[in-house]
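To keep things clear, I will list the structure first and then write my remarks on it.
Labels A, B, C, D, E and F are assigned to the chains in the order they are written; within every chain, residues are numbered from 1.
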């Protein structure tokens, strides 16, 4: 009659969220399409000048991918709150932080990973030089989980309020800016043939911290938010 | 089934001058009650009298505002008794895109499952045979309720907190819930149930907890 | 249903009749497609001389242009079927519209890829944001939107009606694809084949092109028939004629 | 043999012409295979549905005979 | 006992949606903040070179505003579907197209108008020349209602589905592209001192058509989508 | 109140071999019934037997799949009778951010209101005095249901289609709904009500429509 082990519970959680995402695969593809659209609109808005596009390619891809992720962030807990599954999760005899960590992981897999996969395509559409691509991908691989983790904390905090989008955006801005600065710094350095490792190292350090602390903060925030 | 489990001395759950405040106003008058293993308590009161609020507080979703809650004689520690309490509210906690079976599997992954219980059998038992693999969004209101109630059969727990478990059920569903409550209390479990009628409990005299706004 | 629809058409609109009719016609369509395809390919790849400007690269024309035409033709068919489906709620029209979409999308995709492959040696780039290229890409998105909307609904007939609605809205894009070369000056070349006047293309190159065009038309008919038959089975699952088919195929 | 080689070389444009034809055929073959597979799946699902329906009907029949007396509702 | 007149009904509808938006003013501010964030991220992502920023300013502002609108589009009917109010609207003894027209108007007022108001700020952040600003605003005033109207039709079509975000994005793309092309064309022409009236005239024509047809199409689409 | 309104010859609503298909399967067996002015019909059936489906079809939310519906003797035209039919489903159609009073006002703006009726009075009548200006999200389950039921008192309509109007209501709420139905039918209105019990109708013998899956 003891509750099942952590591994079973984590697997159940992860599997649930991935199944749900698969059932609604239309929604997973949303950020991807959104990123594609944005990238396609740029040549129209700026005129199809290759040199100009190439100059801004790295930055545009980064901003687009991060924004597409922000889009999906808001929905991380909302459906679970509406149908009462989040309450059930809070009441389950399992460490909430760990369960939330799994939810965040599932969210990253379903939103950030597809974006990273199509990033080369986006970069290609804007004629980014091929040599810069690995750096761009590395930057994305480090920056997106940071965003997912910190975003989850903020989403949890705003969960009890009527999902005030403004609040979320306001609080995320200070988080986005450093991520974009470091990531874009690395890409720009690579594009100019300079060393690009330092900014990425900073991002990696932030990621390690976030992986440890964010789920705990998220659990605490959620308990506060639901209590009304 | 006029069988009564003798009360152990220590109550499973005890409330002492329990209260809850919203915007600094008490939602209901302070409550005192004891619930022993094998007992069923009916929470009664008009619409808006605070039944749902009470159950959510007992479940640990709302902070105890006033008074004290004791679990097996000691101050209630959420982490210690999380697996022992099962809550079913107005919101059923089912994912509409998953089937009833998948929903149960997730719950079992978190809470574990009773020895010998199995999702398919439990669903057939609650009257959803043939609907196990439909996405929950395609079920009727009463079928959804049944899918949520199937958790009671599958998951191990001592105390059930059921908020209007009879709503939307047909007569056979209501009878099924009543039998569920009987076997659960006969097995030494306890339950707190809110309802506006429909309880026909044959396992002894249920306790009544009346709520006043 | 309108009274002026001739009886035979009305009868053909009944699923079991059409199922049999399409089943009988399909092999012939496929055979014609293969025949004209082989003739066209032989004429285009072997008999036709190289172009004096483009060399042998122009031979992409024999698949690019027929596919491009099909991408628009199928959309038009889909639009008409969609209109009938919405106004008269004829099940067969819904099915024809919805099953045309994947075939149209396939031809649109072929047009885009072969155009790209042709553009690299001719224009020096795989892709530019030129009016015809963009509108053709939009056409692909429209097809995908129709397919996606169809499958997004739990109820297939409801999905068919919603998607039919979208198909009708999107039909304005077809003239844009065709006339884009006239309305905006673009990299892509204008009309060279003219059905009602002298074409600006040598006969040696023209006849394989026309043969391939016929081949793609017949292929469309064959593919559509096969798809419609399958869809009718899925849609009419409650009916006796389908149950009979299901049982008879279970035995074989 | 050399005529075949020149044919395959496509005047230096082989890298563009042959992939174009390959895509053409690959896409059309996919297009014609897909409904074949779907037809098989549809028929399989149909048979499963027929089986399920009869199961449901049996269950409904079973549920009609009263099992437990219900005293309910005001 | 006759149903109330059209004016009363329209007023009730408009007032309802505006009140709701006001109660959730946090959410109205969301697209605005989103646009601000995107515009702020660009200098970080591209490096603060004035000439480069100036060159892309018009295009970036346009794309940003339109994307911010797209974000909010998805929510146009979703809450009404979830709580059953849309059913009640469909069943009301009033012309559905007109009522939907009011909803679209309310949506435009609450999402597009704030964006247009802050557009000068966005343009300023990217150093757009002041002379081009009126053209930019005019272009936005014409393009945003077109997007709201046509977007509403598509949102209505997807109403019966499980709100598949991808589909919406997919179907919206073909609509966005012409709007962006014309609007950006006008802005670019103005920036180069060329006549910019022609593209705007096209947009205006599209707007007139959309105002007349879109509510009707929206009503038809909604009836199809809800019927399950 | 043993008063019965004499049936006019032409029924208000008539169903002939009415049916609905989902994925080409009939949801319920074909139905034939007539409903005259002054009559109450109870739709009965187990969970999942198609009661909600039937009501939604009658309301015009689902297309009639099979058979025919007649309104006052003629084939039913949606536009002609939109204001005459009031539907209340499992989803209450209330905006959670608006108060009950504001929700009612919107409804009245669409449907018009009965002569002499007024949102405040109607809410007090249904038992929400003091809660008129709370956002609906802060009401308890039964209070929400009452806020939705207030539409019945405020809006003019001849035919009411009520899907489980009693669910979540307390005893006084149930009694109130029963009285509502009595006065409505006595005034020449008609109602179709689904319920798993709780109806105690004193205005004559209600019709019974049994649903079979």
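Assume a residue touches a chain if its C-beta (ideal position, glycine included) is under 8 Å from a C-beta of that chain, and two chains touch if they have at least 3 such contacts.
Since this is a predicted model, take the numbers as computed values, not measurements.
Novice: Following contacts chain by chain, what is the lowest number of steps it takes to reach chain E starting at chain D?
Specialist: Counted as steps through touching chains, the separation is 2.
Novice: Look at both sides of the chain B and chain F contact and report whether the same residue positions are involved, with over half shared, or different ones.
Specialist: On the two sides of the chain F and chain B interface, the residue numbers are mostly the same, over half being shared.
Novice: Using mean Cα positions as chain centres, tell me which chain lies farthest from chain A.
Specialist: Between chain A and every other chain, the largest centroid distance is to F.
Novice: As a test of whether you follow the contact definition, which chain pair has the most C-beta contact pairs?
Specialist: Result of the pairwise contact count: A-E comes out on top.
Novice: Suppose chain centres are the mean of their C-alpha atoms. Which chain sits farthest from chain E?
Specialist: Measuring from the centre of chain E, the most distant chain centre belongs to B.
Novice: State, to the nearest whole Å, the distance from the C-alpha centre of chain B to the C-alpha centre of chain D.
Specialist: 44
Novice: Nearest whole angstrom, what separates the Cα centre of chain A from the Cα centre of chain B?
Specialist: 37
Novice: Where the CA atoms of chain B average out and where those of chain F average out, how many Å apart are those spots?
Specialist: The mean C-alpha positions of chain B and chain F differ by 31 Å.
Novice: Of all residues in chain F, which are in touch with two or more distinct other chains?
Specialist: Within chain F, residues 25, 46, 90, 97, 171, 174, 196-198 contact more than one other chain.
Novice: What are the residue numbers in chain A that touch two or more other chains?
Specialist: As it turns out, chain A has residues touching two or more other chains at 24, 26, 44, 82, 162.
Novice: Two or more other chains touching the same residue: where does that happen in chain C?
Specialist: 148, 152, 154-155, 237
Novice: Any idea which chain C residues touch chain F in the complex?
Specialist: Touch residues, chain C against chain F: 155-156, 235-239.
Novice: What part of chain F is in contact with chain C in the complex they form?
Specialist: Result: residues 21-26 of chain F touch chain C.
Novice: Per the contact definition, I'd like the list of chain B residues that touch chain A in the complex.
Specialist: Against chain A, chain B makes touches at 59-63, 82-83, 85, 87, 89-98, 102, 105-112, 114-115, 135, 156.
Novice: Over in the complex, which chain C residues touch chain D? Could you list them?
Specialist: That would be residues 45-46, 50, 55-57, 59-60, 63-64, 67, 102-103, 106, 109-110, 113-114, 117-118, 120-121, 219, 222-223, 226-227, 229-230, 233-234, 237, 242-243, 245-247, 249-250 of chain C.
Novice: Help me check something: in the complex, which residues belonging to chain E touch chain F?
Specialist: 1-4, 8-9, 11-13, 15-16, 19-20, 23-24, 79, 82-85, 87-94, 99, 226-228
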